[in-house]
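All chains are identified by letter, namely A, B, C and D, in their written order; residue positions are counted from 1 within each chain.
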Amino acid sequence: MTKPWILLLHCPDRKGLVAAIAQFLFERGGNILHAAQHQDNDLNLFFMRVEFALDDASERASLREQFGALAQRYGMEWELSNQEQLPKVAIFVSQYLHCLNDLLFRHHAGELQCEISLLISNHEDARPLADFYKIPFHHVPVTKETKLQAEERQTTLLRENGVELVVLARYMQVLSPGFCAAYPRRIINVHHSFLPAFTGAKPYHAAFARGVKLIGSSSHYVTEVLDEGPIIEQDVMRISHDDQLGDLIQKGRDLERLVLSRAVRWHLERRILSYANKTVIFN
Amino acid sequence: MTKPWILLLHCPDRKGLVAAIAQFLFERGGNILHAAQHQDNDLNLFFMRVEFALDDASERASLREQFGALAQRYGMEWELSNQEQLPKVAIFVSQYLHCLNDLLFRHHAGELQCEISLLISNHEDARPLADFYKIPFHHVPVTKETKLQAEERQTTLLRENGVELVVLARYMQVLSPGFCAAYPRRIINVHHSFLPAFTGAKPYHAAFARGVKLIGSSSHYVTEVLDEGPIIEQDVMRISHDDQLGDLIQKGRDLERLVLSRAVRWHLERRILSYANKTVIFN
Amino acid sequence: MTKPWILLLHCPDRKGLVAAIAQFLFERGGNILHAAQHQDNDLNLFFMRVEFALDDASERASLREQFGALAQRYGMEWELSNQEQLPKVAIFVSQYLHCLNDLLFRHHAGELQCEISLLISNHEDARPLADFYKIPFHHVPVTKETKLQAEERQTTLLRENGVELVVLARYMQVLSPGFCAAYPRRIINVHHSFLPAFTGAKPYHAAFARGVKLIGSSSHYVTEVLDEGPIIEQDVMRISHDDQLGDLIQKGRDLERLVLSRAVRWHLERRILSYANKTVIFN
Amino acid sequence: MTKPWILLLHCPDRKGLVAAIAQFLFERGGNILHAAQHQDNDLNLFFMRVEFALDDASERASLREQFGALAQRYGMEWELSNQEQLPKVAIFVSQYLHCLNDLLFRHHAGELQCEISLLISNHEDARPLADFYKIPFHHVPVTKETKLQAEERQTTLLRENGVELVVLARYMQVLSPGFCAAYPRRIINVHHSFLPAFTGAKPYHAAFARGVKLIGSSSHYVTEVLDEGPIIEQDVMRISHDDQLGDLIQKGRDLERLVLSRAVRWHLERRILSYANKTVIFN
């Protein structure tokens, strides 16, 4: 048995799209294991994710080329992956290690289908965890003056390792617009998100002062506009007046772990289609 | 513009199903507005819901017959509905009116696409609400001795009104197996559901005594085995030691309203496929 | 048996406060049924809610005066209520009736310990519901030109009816700063609250465009700064890309009902202490 | 500044309890930092948790003795702890390491105020994690035949290490009634809890077959009746028909981590009073 393929696409909506795609797969002996569609009626866009088995070796060999022809006919943006080669991931981290520890444990437990190729940090704190899980660790210090060189070193490391996805696991440096643009929909970040939103330097302090009853966390793709990229996942926990500032921060950490790990898993499972600054998450 | 059609089907899984259905619709000028599939790999079953527009009058006229031929080929169980005729609903209620009030208000506000044809109650308490919303009200008293006659009267009323769906909005009488069997997947009930489950006569008392930290509510299709039918929706709320018995009951009422109304809406929107005592809920 | 009293107070924190209050009650034969304290360490403030029984008639008669003396010694702001006289409530509403319908049903079912003295609306839509529940209904139209006269008419009605609490149940007019200032911590409003927050004219449209994964609702006391008053309660529901704008609005309505009714109930049960633009909610 | 004290007590309810306790502390120069009471009206019981500062050395020295006299007068069961000496904890684990990893990381990050004195496991899988965090690891294999000897070895280890709290972090052996009785309210376990509850050997399989829409997890004190001890915390996550058995198990793991770690933290912070097979959790 070969591993299943995942086809992810979007294009202008029109009659016959599902039929064309399903027919294409059927003719080649493909067996649809899971399929989901979505339409955005305002923008007249069609989205689809198909997971399918295709065992015939010659069909497998020519699949991309042949689907490319179909895709061109319908103006599709598409991505066809099979899970035989694990995607390569880099994790960026600073001194808060809760998200990193969570991701490494999940990876070790088989929850994340990827290879974690390297860790990059502007501090040394994460090195013991990296060593424990036998992940190569690169200390890349960043100062205002050396930021650009540091990013050059980082991108070199990403390129050399064939990294597809960058996960910012509480990496406390702002990436330059150039860096972000080089990895479109390939950098996932996590941050707090409160009701109402607080955007200043100390959001937990602001939320505490305001007496909010819920605290939240969001994960999103990084775009050139800081923390304004397409939201992938959000979650909240209740708090009360009994919760002190430290309790808010502690609950926030629990949320960040959950919300970031879901986003990473969904990305790796090719469940996310992103367009117009929002996401479709195929279950 | 005609109203969209909804096709709901399940059958043994095999290659080419999506292609066959999509092709069928495309050939007749159908435009898929929304489609979702599901596979149960253990049982080798395929499920699909398709919402599509089909404006050509002659195609509309022959649609059922033609799809019937396709369905037979693949061994499908299917249901094809268009929303031009609103489904007819009967609500059964006793003396707790919170679910009834909720359903009637939602219907009035346009949230439930149906005609509420009649109310049946073993008490008189609901009559003023029925009158306010101008829904015919039928008082059908039930005693141990008259239960069968009462059910005969009820089924006559349902038949005369062409009722498709029966909603038990806190109806405190147990329906006979015969009644349940006459409306398979056509009766929706709501009840509490605790962690751990309490099945005795006074579940809130038992949950309070046990010191649970969550209370829950479930809606389900009624089968001949009491409260063991396919679950449609569940939800919970947190409680603490500060919550007294009355608080549990009050929160339970809030849950019942939410959980029952979601089940009814999803049924009316043909989002539910039920098999093997479980449900698929197409979003 | 007489009804219990509720004492709600806050003052600068210092040693001996609990002892002084508990001793005061014990000496008069008071029996504490429920007590809760809270300290704000940053502001050095002490908060307390005590529910107690006091059956002796002469103690009851002199209670306020005597506690006043104690309160002065400690610089307390305090409120002592017994539940023998139900607080009087006015509901303001416009054309969306879901919160109103919910509040009236809960009141009818005994969940809200108050007298709903009157309904005030700038539209006629709510009149039938008011009539059904036999609540006096006052139509007070509001235009830009007549806003001040309308508010005069409203405050006259509130005064004549001895109204203690104003509930804005989706009342779509902005109250003047003067009106708000006249009812400090006596007006409760409900509004959406999203992650991230959207403050424009069409928040649901903005949230939909942004692709949020949660929608929320907040209830709060109205202050002179629009929707910036102390938050009383918040809640959220999950949404997905499948949810259309209408689904967001429908789920928002469900949240508004829950969140507003909780705030009103807690206010009536004297569970809320508000200070420094935040609230303490005693369970 | 000395560390604060925590007083946890329960006794038959009567007038003057709060006054007596508050007066006792005030007279000795104690400063109440946080206090919370609870009454169980059905059982006529009073519960209280007081966190207070007491800096005077001679008062500190005689505090237990003096409070003991007061406690006797009112028939109190009580516990007085100050946080100067960290409580000692043992973690039992088998082969699933997600809860263990979570607890060790939280401890390392300062979230759990205790000393983790040792790890006991019937397998070797946890040894590397124990080594990483420098926690003594004891491999105590258990077979049907050696169960009693194994428990003797375990209790010896607990005794030698002065362990106060045993945390079963997915320890897959059933403890004997004798073991459980030796540590009343001193053993915390975590297990799944579904709606409706499934009690068989493969609960996730049963829940999947039943098509539940929520999965849950509970933590509780272990009593001699398996998994029927006082519930400390519960939480749930939504699932859908798209979730496969593996997804349920993965979400269950996330819940177990959250629910177990909260229970352990609350126990360490002396927030839990347990009586009549339920718990009071003071926030």
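In this text, a contact is a pair of C-beta atoms (placed from the backbone, for glycine too) under 8 Å apart; a residue touches a chain by one contact, two chains touch by 3 or more.
Note that the structure is predicted; figures quoted are calculated from it, not measured.
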item	value
Chain pair with the higher count of C-beta pairs in contact (A-C, C-D)	A-C
Interface residue identity across copies chain A, chain B - same or different by half	same
Of all other chains, the one whose Cα centre sits farthest from chain B	D
Superposing rotation of chain A relative to chain D, computed on C-alpha atoms, to nearest 5°	180
Whole-Å gap between the CA centroids of chain C and chain D	37
Chain A and chain C: spacing of chain centres that average the CA atoms, whole Å	42
Touching two or more other chains - residues of chain B	240, 242
Interface residues, chain B side, partner chain A - complex	15-19, 22-23, 25-26, 29-37, 39, 238
Residues of chain D touching chain B in the complex	38, 41, 193-197, 209-214, 216, 218, 230-236, 240-242, 244, 277-281
Residues of chain D defined as touching chain A within the complex	97-98, 101, 105, 109, 111, 128, 132, 240, 242-243, 250, 254, 258, 283
